[in-house]
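Below are two complexes that have chain A in common, paired first with chain B and then with chain C.
Here is the complex of A and B:
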């Protein structure tokens, strides 16, 4: 598995290869045998809650941390013993980390100066980089004279101007206000596409991750929970953690049971759920995930409702979410309340009936 | 009015213990021995004295070298502490500051035990064949420089640490990622951003070095007087209080001159980096 190079002449098949990378600080395992490949030009996001290991992964790629075990290759070359200043990697930090006593132009030119690029060429490349990020004409300003968004752009230009093998972005949008963040998100995507540089983006914000990435690596407690395109992760969460993280409203712990020829999930002594796909053996403890949008709310109370996946209940709370409202419903025999979405123009109240199709019931491992 | 009333004890104290002696000092430095007339003869005597001249240059030289040595030793220490985790940083800081709690005199005698003609160094080095004659490490400038460097290092470390602790650690990482090795990163990033701490450390160390007394007295000996030890000699050995007053004023001018330089450098830095 170590030799992943493609036929001669086309260069390595992967810009980044991580093989069984672990990181242990004292007695805490921060990364637990992470393996992952990134194709050249790809925009990959490490997504997860704080402490999931995403920043450590980034710092190992940058060379600021040494992996305790495992191998990291960048463009086919093992970098385990290569210090950061030989790696040719551009980084944008959350704090931007601009050199405060240098103008925007000198900040952007820093990497070229360290590479002893001739003056004339340096000036040209710096201006190009400033133009790429839309800051032509502001090269003489000091960081303190620039707005948050502009600093961000300088930091990006500084990382891109050295034409790095790999661009690392450490939560670069977190310090911006909501409006600017959306704008910069679009800009980031545009600049990455234009430059074609392989990019690793680290964030805890799933919206950012879903809108920017070619692929997402969803991490938790030092492990990769799921890696795939935004659509794959959104539509087919592989574990309970993933479903929870992407915001599936109804998560019910239960156990798989055999009911005749079919497998069902018992979520309380009196209630079982019917499902289409269940990869678990009878007796397994699982987590059932049902999206609020898949729950059909019938404003008529049907006391005789007894069919599978049909429940009588009472609305106990309504949460306004713009076009839709989320109704929290307490159902007979289920400990947890269930959430269903209804159009905000017609919000029912009191006794209702909930139902959902059996193919809306996702049966997952409970690894939250 | 209440502000004046409330601060009057403090003002009185400053008047009594600081201003009055200074005025007496000025008076003595510029008066003829009988106290009758204004004179510059004490300063003339000072400038014509070979010993005083040597003491002046020695004071300047020793203090500058000491300051440079505390910078050279202070940066690595301060950077190490600033980058360490909380507990390790507290421990190292404790070790750095601990000597401040030991009397200067005790420490100077400690150095004699280590550096003296029959001290530890002079027993070990000939023992392993590095030297044949014992090294003269005390009763000279070397002894004063060693003693003062150790004495004043904590002030430099604390000054640098105050700034380095607030520097975004990502600054250095950004520099490393852009291709600057650790040495270039230090000179291109760490040093420029820590200039304010360096300036205050230099001011502290230099002014404490020119006014240090016990260390040069014990480690310098009679043959290498500094302005402070010369002043002491004038007061207690030759009872020439007027000459002592003149030396004191020279020391004060040296300090004021240095503070002015330091302020100027600080303002220059602010103007270019703000």
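Here is the complex of A and C:
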């Protein structure tokens, strides 16, 4: 490594640095000046819907695609001119990409063979890797003789055995059934923690992202919408897209207005919402987000309901969600229906009153 | 709800079973047509008579003994083998490279290359042979024999290799190669350790097709064969023109057996493994 950015011996401060990375395919901008840093040992997830640029980011890190502009550094070293086979990166592909004519052992040993590791050491390291992923004794099997979960483990062992600088996971759980996926999720986290390797995980599944990651990079249309810990993103979505993506049920477009000293959001000619924090100037078009769990449903119709953030309405649909049920309520003066959660044991019907605290009202840019 | 069962359900069921029986019968008939002529040729080759006759009046190996004495049989068998082996080897090398280029992302001239490589499949052999012969005459090279045949056979067998290798390459997971790269394989190593083994079923199949096509070809070879370098099928054709005895039947039988043995050997050696592992 030529340009260390930190004192000798401690290694560079960041395992991965992406600076203004753009990728343009013909007319389409797939990545629009992405900047992001990953600390050594961190588990970072690129999360977003398909076409958001998360896979392209991963492929640029791997070296399969060249960034149109910008700089990518791995452990302090710029890799823009470095081909994939010199990057020392382990990758687990969505399809696992196991070599079909090689046994599990030969698959895992492939990277070591390319590095001309002596036979004895190679055999030892391959067995260790197989043991780490819980496949000791299955080394002689061909991929076609292994189950989906086992193939996944072989792919992981193959990527880890070379002790890469960086581990890239491209939707590795999407081909597994639900039960196996949860099991592998736990395994993945355990193995990553044990090996302490810097990991970038790409997925469109927010549940996977939230349960695995130290940090999440939420992307849309080639831009980073929000980066932060699972808790930060879950509790404080920064834009309408983020709130929508993580599943906030009530999203209402509106406009900021001045009401005396306070700022309120008008969501219909007759309805305004009171809020605690509003970073927008009067007149701005915004998106109001209110979680269904924050909406209080009073099963008594109160026609005289007054005050802010209190609405009379009628339940038009109930969706069973296990312990809770989601009630869809049509309220006077609001175009959209509102969703509130109630305990499944006491599901009301008919006319009800909805209310929510002003600090439950998130005012966000509408960038969906 | 409407009842979709018609009154004639039983009749349809009967027709269905009858259809399956018919299908099997057609299959058997087809097999019979395919095999019957071969059976007759092989039977005739064991005749004890001095003329062609089916069924043979008696059995003997005299025609096989006779064939072994024919100097043109031995020399043309050797040149046929040589030509088929060398042209197949060249066609496999060129074909794998061409298939590789064609299966990658499209590049300028992709279509042109596709048509050029596959065109010998579309043209009648006679046309190919006649055209090649004219070119060779123009170059004063028509008397060269063996090298001409090898070049011509490479040309006509190349499409078989390209087609079958291309389809295996196109059908294989592109991330296999990327996986190899990520594990430290340079493009050359990835080609050797991943691309080639993945394409092996297609390569083996293409090589079998190429070899048999070359070994059996008459139409192209007849324009290019010289007295010193005649292929077995061409010599056999020539012999058939004036001989009425059973020697050609013996040669034909030998060729059938040879092809069978060759196919079995390839399957045994590497083909089977490559097929099964995929």
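Things worth noting here:
Note that the second predicted complex is superposed on the first by the 364 of 368 C-alpha atoms of A that agree within 3 Å, B and C clash if a C-alpha of one lies under 4 Å from a C-alpha of the other, contacts with A are read in each partner's own complex, and residues count from 1 in each chain.
Definition applied: contacts are C-beta pairs under 8 Å (C-beta built on N, C-alpha and C of every residue); 3 or more make two chains touch, one makes a residue touch a chain.
What you see is a predicted model; the values in this text were computed from it and never measured.
When both complexes are superposed on chain A, chain B and chain C end up clashing with one another.
Shared-chain residue A:186: touches no atom of chain B or chain C.
In the superposition on chain A, A:25 makes contact with neither chain B nor chain C. Within the superposed three-chain model, A:320 lies out of touch with both chain B and chain C [touch as defined at top]. On chain A, the surface patch touched by chain B in one complex and by chain C in the other comprises residues 62-64, 83-91, 93, 95, 97, 99-101, 110-111, 114-115, 142, 144, 158-159, 162. Touching chain A in their complex are the following residues of chain C: 173, 175-176, 178-187, 189-190, 193-194, 197-198, 200, 274, 277-278. On the side of chain B, the complex with chain A involves touching residues 168, 170-171, 173-182, 184-185, 188-189, 192-193, 272-274.
Looking at the complex, you find that chain A touches chain B at residues 62-64, 83-91, 93, 95, 97, 99-101, 110-111, 114-115, 142, 144, 158-159, 162.
Chain contact summary for the complex, chain A toward chain C: residues 62-64, 83-91, 93-95, 97-101, 110-111, 114-115, 142, 144, 158-159, 162, 168.
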